[in-house]
């Protein structure tokens, strides 16, 4: 770790634009062998994009990539692997139709430019790495049948199975348990001792501080700071990431004492995901549901929306018992749902903003007796939501594909507000949304609650929950382990309970 | 309705054609198109030779047209496309005669002479010319087949498609003949559909050979039927023991005629049939009449006979029976 | 218990298919005593020779996430052109030369498909629909449209050799030597898909094209290669078809492509790509051929056969769809289930 | 477009209301697929008109094109609808023939009262088509069979039933209501063509102005998002295939209106042709986008090219080559255009089979 050691990877002045908008505006970074370099920044600041550029998946508009003294002006995925770079992608980039063992060894075989593939060679290699990591993984199962955590483990194994010179991990720990994370870090330490350089992305700041020697912080595609980890702490990293001007303070109006229940959940159980979940959501209330990935928080939300119907328990909306076996049932009961995966589940990318906004409420605009759509009323709704949510776009007939993350999320929100739901469930409402948009979206949610809706936010973005929620439920291993209310809603308590 | 309407229009069409044609009309100013079931197959290539011959002989601008597959809708389309080109005559060998009635009615109402072939019973044609009477042709096949089978035993009949009327007529003619004259010759199975595909014929023949080990005869209708059957029969080691006969053309059957797995094939020369259609069209366009005994000056069409029970169908006597000995005479 | 059942079922429902096949054979044997014979067996094998070759080609495309309706046109184009160029009955070319010529033609036509698909990223069904029309039209318009009865002698001879002969119902039945072609190609494709990086790449691309790119697979090159390979397999199928039929007819084959695709999907290949096996494909083809071959034998009237084949297809694919639905439901995990489809 | 934000906002609201209206009413006026087809129609027509003015510019030729286009036009519209959901329907032609056979059989059986009962028979024929569509819809939406396979199977079943029913014969005879329509013209325009325009308008309204139509489009655009938007794929797909069945039935009526015969094997060559037409007309084979106008224009284009090739005495095989080339060239030019527009963003994943709509 001497200062004099030559960097194994140097990228400089990387610029990348997507459809006219800058994802990276001249970012530089250098990695030294035997060190862990951490890349931090808010959602959408360009971390993954930078990684994809280093690994040859995306081509930069300008900038230089130098690996071990050799400049690569047309980096390709196989070129990167040849240069000793391995990546754990944020979305894993696994092959669902192949077994875990195959997934683990296949990239290596490609990198080795082999013509033939041998199961007999593959199997032991996969087994060895699983053993080294001390994890349990069914190597013969197709990856699409694995849980998210096992998928993540597969992706980690795949990257570690090689003797990589540079190992890049884009949020490798989101779905892992504490012990799994600790094992991974042990391996990371072994690797650094062997001289491997690591580039590590995580939103969990404690992890960052635990493993990293150097930290680089990006904001909105620009380089903010590179400093030794020892000189930083969680608070200062957070400050550099967000800037100071954003108000994430808690702004919660007191609920009237007699606020009626709009959603009541009793003993909801889905074996394997969560059990005996009970809570009440009141009119005008914003309720947070948090927990680590894999804790069951998303599944609870999806059960309420009929995507993943619960096995037992009762759901009552506005005093009416509801059987929610399908999305139709949920929508009929007055529940709206902003999904976690905006791009595939929330939006029709090539359709216009207008078409997206009325997608869920089409039936309400049928005229009698012709049953044709009432285009005037539709236009009114669209225009009013377009204005109310301040969607930044030339007009309502622009395709959603042309929108930024924050604006796209507003379109999803508008789609559900158009149905005038009694209960609005949001799963990760501000994922991939930048800070400016984020506070606006939170403000919209406060407004909607004030108008008498029940709002349920499922998120692991704790500051955001603290900023808007009346109450927060913490889920761990499928159960509600704590309920925080009023002044009890506080960042540290939540984080502690989540991870306990 | 169509029936009343088209009758009037067709009679006026015929009248118009006659008037425009005048007895002295110069063939060199005429255009005629022969629309066949499908372009580019051996049979219709041979017919195209006849069309070319006619063009050379008479000076009429005659040509042949057809679809790239043998479907009724393509023929409808082609004739529909031809009507604005106002040819003097359209002669047609339909895939499905009934499907062409309407569009041929339109052609006639535009004063176009329409002659058909292999389509006895069509209304909207001036004349339908058949190489022979289908029932008699079928009977003739049966006479030969029965002889070969020693006038007793089981046989099956293949048709190109169950929808192909001529094939069904031949097969029926043969069956009637067998019932009338050869009580010991029995047909097993309804007509079997080969889809005009040699391999299907082969496959089905294999099945028949398995199901009826004592089968004695096969009758084919589509040109490739007998070839497929012959292949199946010789693979079963029964070449020469089982009689294989049917409609085909020498180029398809010659190999099997030579090795004895097909005994006889029956057909009529498409070149002559093509010329016959066009000759009739020319006669009509020039105001001449076709009647019993008309001589087209073509072998097998020296004395046309009106088919009884119809008013526009004339038959020749143009069936050709070919076996090993005379197949070289027909180079197509 | 359920694990063992799952294993029996096979990763692509091959087990279900095998069971269906057995049930069908038993049922037909009960209905018709003349069914369960060497003759029927040989008939099914014989009639599967060409479809198996085509099915292998289709299998590769389907695994790669595409679909090809032009292979039949490529097959007859390659085979007919070879026969015609070599001078038909008067040719002295050896079978090897002729086969290489046909494979070359097939490869070029496949390259046209692959080029359009990989370079312009066009939907495979539409591209091959277009090229099918072009290939067949060009063959008949510019190469030749005549039925050629006299094959080059080397080809003609190849069609006359039998591999095995047996007696069934008093008459000899046999299987042509040509059956070795699909057997060898089956082994080759099985090996290719299983034991080569190209093969694994085809699965990877069919599973997730972007992930394959990130893993370093040369996606465009692999896709090109897939279609070239399909062109060559199709050409091989065309040559065998011509040899077995002992004639070359340019009107043949085109029109049968949907049946082959149906057989492959019946054999467990996913029309969405990424899944499919050689074993399943063989079973699928055999099932379809068994049905085609024995309906007459079992006494189904000719007129009913088309409907019967359709009905069996619905049942076959329907059972698979239902099984797939159920297994999807069973695999509940801590993750979002895809709700659509 | 506005500099002054304060007053601009009202204008912006107005402008966007305008936009909505325009996008909902006249989506296809500005559409690229439609523009492209218009160009193709004009170019094809001008080309052949220049080469063979005498034949080509006659009213008779125009009428013939107008008479020939409707049946494939309606079938292509049906195909377009199926493709709009990301599916495909291979059984439409078989359904059309079943309808034609039903009507013809009933008419013949009714003897002298056939003409009087004509409308009833037509209704029964449409019910048969509806049942056919329902079967497809159930197989696709309930059983979950991929459309291409489900309809491949039902194509064989429907076709097989037609063969059994007719014994393979061509039936002759149709109610006067239909045959009358087949021959009639209004102001020189064949009524058949007017029927095509009516069907096109109807489907245009369905797609653009009804809830079902919007759902069909959204289902095709992204089935996952559609499900998460509370759009029932079961109901949408069922509705779609019932509609394609019905349109098949209407095509069957056109078959016998044009020519009072019905058979099991009429129109076999249409099955793949109508896919070509639908795609040429701008239908996205992966679903989510299509325009009726484009499809009608595409049907006309192929009709024009076909009659032109015939007038030029070019062979049907050359026409097949031309048809394939037109399809490929149009697809390639579309793709090049799309890429140029999207340059900077990574291109969409290569598209797999036509059926599975790639969720963005």
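Order of writing sets the labels: A, B, C and D. Residues in every chain begin at 1.
Here is the rule we go by: contacts are C-beta pairs under 8 Å (C-beta built on N, C-alpha and C of every residue); 3 or more make two chains touch, one makes a residue touch a chain.
For clarity, every value in this text was computed on a predicted model and none was experimentally measured.
Please identify the chain with the largest separation between its CA centroid and the CA centroid of chain C.
Following the centroid criterion, the farthest chain would be A.
Quick check: which two chains are joined by the most contacting C-beta pairs?
C-D
Return the distance between the CA-based centres of chain B and chain C, expressed in whole Å.
The answer is 36 Å.
With chain centres taken as the means of their Cα atoms, state the distance from chain A to chain C in Å.
About 43 Å, centre to centre.
Which integer distance in Å separates the CA centroid of chain C from that of chain D?
Inter-chain centre distance comes to 31 Å.
What are the residues of chain D that contact at least two other chains?
Residues 163, 167-168, 224, 226-228, 315, 317, 319-320, 359.
Give me the residues of chain C that touch two or more other chains.
Counting only residues that touch two or more other chains, chain C contributes 136-137, 140, 145, 206, 210, 303, 339.
Listing for chain B: what residues touch at least two other chains?
Residues 39-40, 68-69, 162, 193 of chain B touch two or more partner chains.
Of all possible chain pairs, which ones touch?
According to the stated criterion, the contacting chain pairs are A-C, A-D, B-C, B-D, C-D.
Quick one: in the complex, what on chain D touches chain A?
For chain D paired with chain A, touching residues are 1, 9, 13, 15-17, 19-25, 205, 209-211, 214-215, 217-218, 221-222, 224-232, 288-289, 342, 344-346, 359-360.
In the complex formed with chain D, which residues of chain C make contact?
That would be residues 62, 65-67, 69, 116-118, 120-127, 129-141, 145, 206, 209-210, 219, 223, 258, 261-262, 265, 271-273, 303-311, 313-314, 317-318, 321-322, 324-325, 338-341 of chain C.
Per the contact definition, I'd like the list of chain A residues that touch chain C in the complex.
55, 57, 76-78, 81, 87, 89, 93-98, 102, 106-107, 109-111, 114-119, 142, 145-149, 272-273, 294, 296, 298-299, 302, 307-308, 327, 340-341, 345
Flag every residue of chain B that touches chain D in the complex, lowest number first.
The touching residues are 1-2, 5, 39-40, 63, 65-69, 71-74, 76-78, 80-86, 96-103, 110, 161-163, 165, 168, 193.
Give every residue of chain C touching chain B within the complex, in rising order.
Residue positions touching the partner: 34, 37, 39-40, 43, 46-47, 136-137, 140, 145-147, 149-150, 168-174, 245-247, 249-252, 255, 292-294, 296-297, 301-303.
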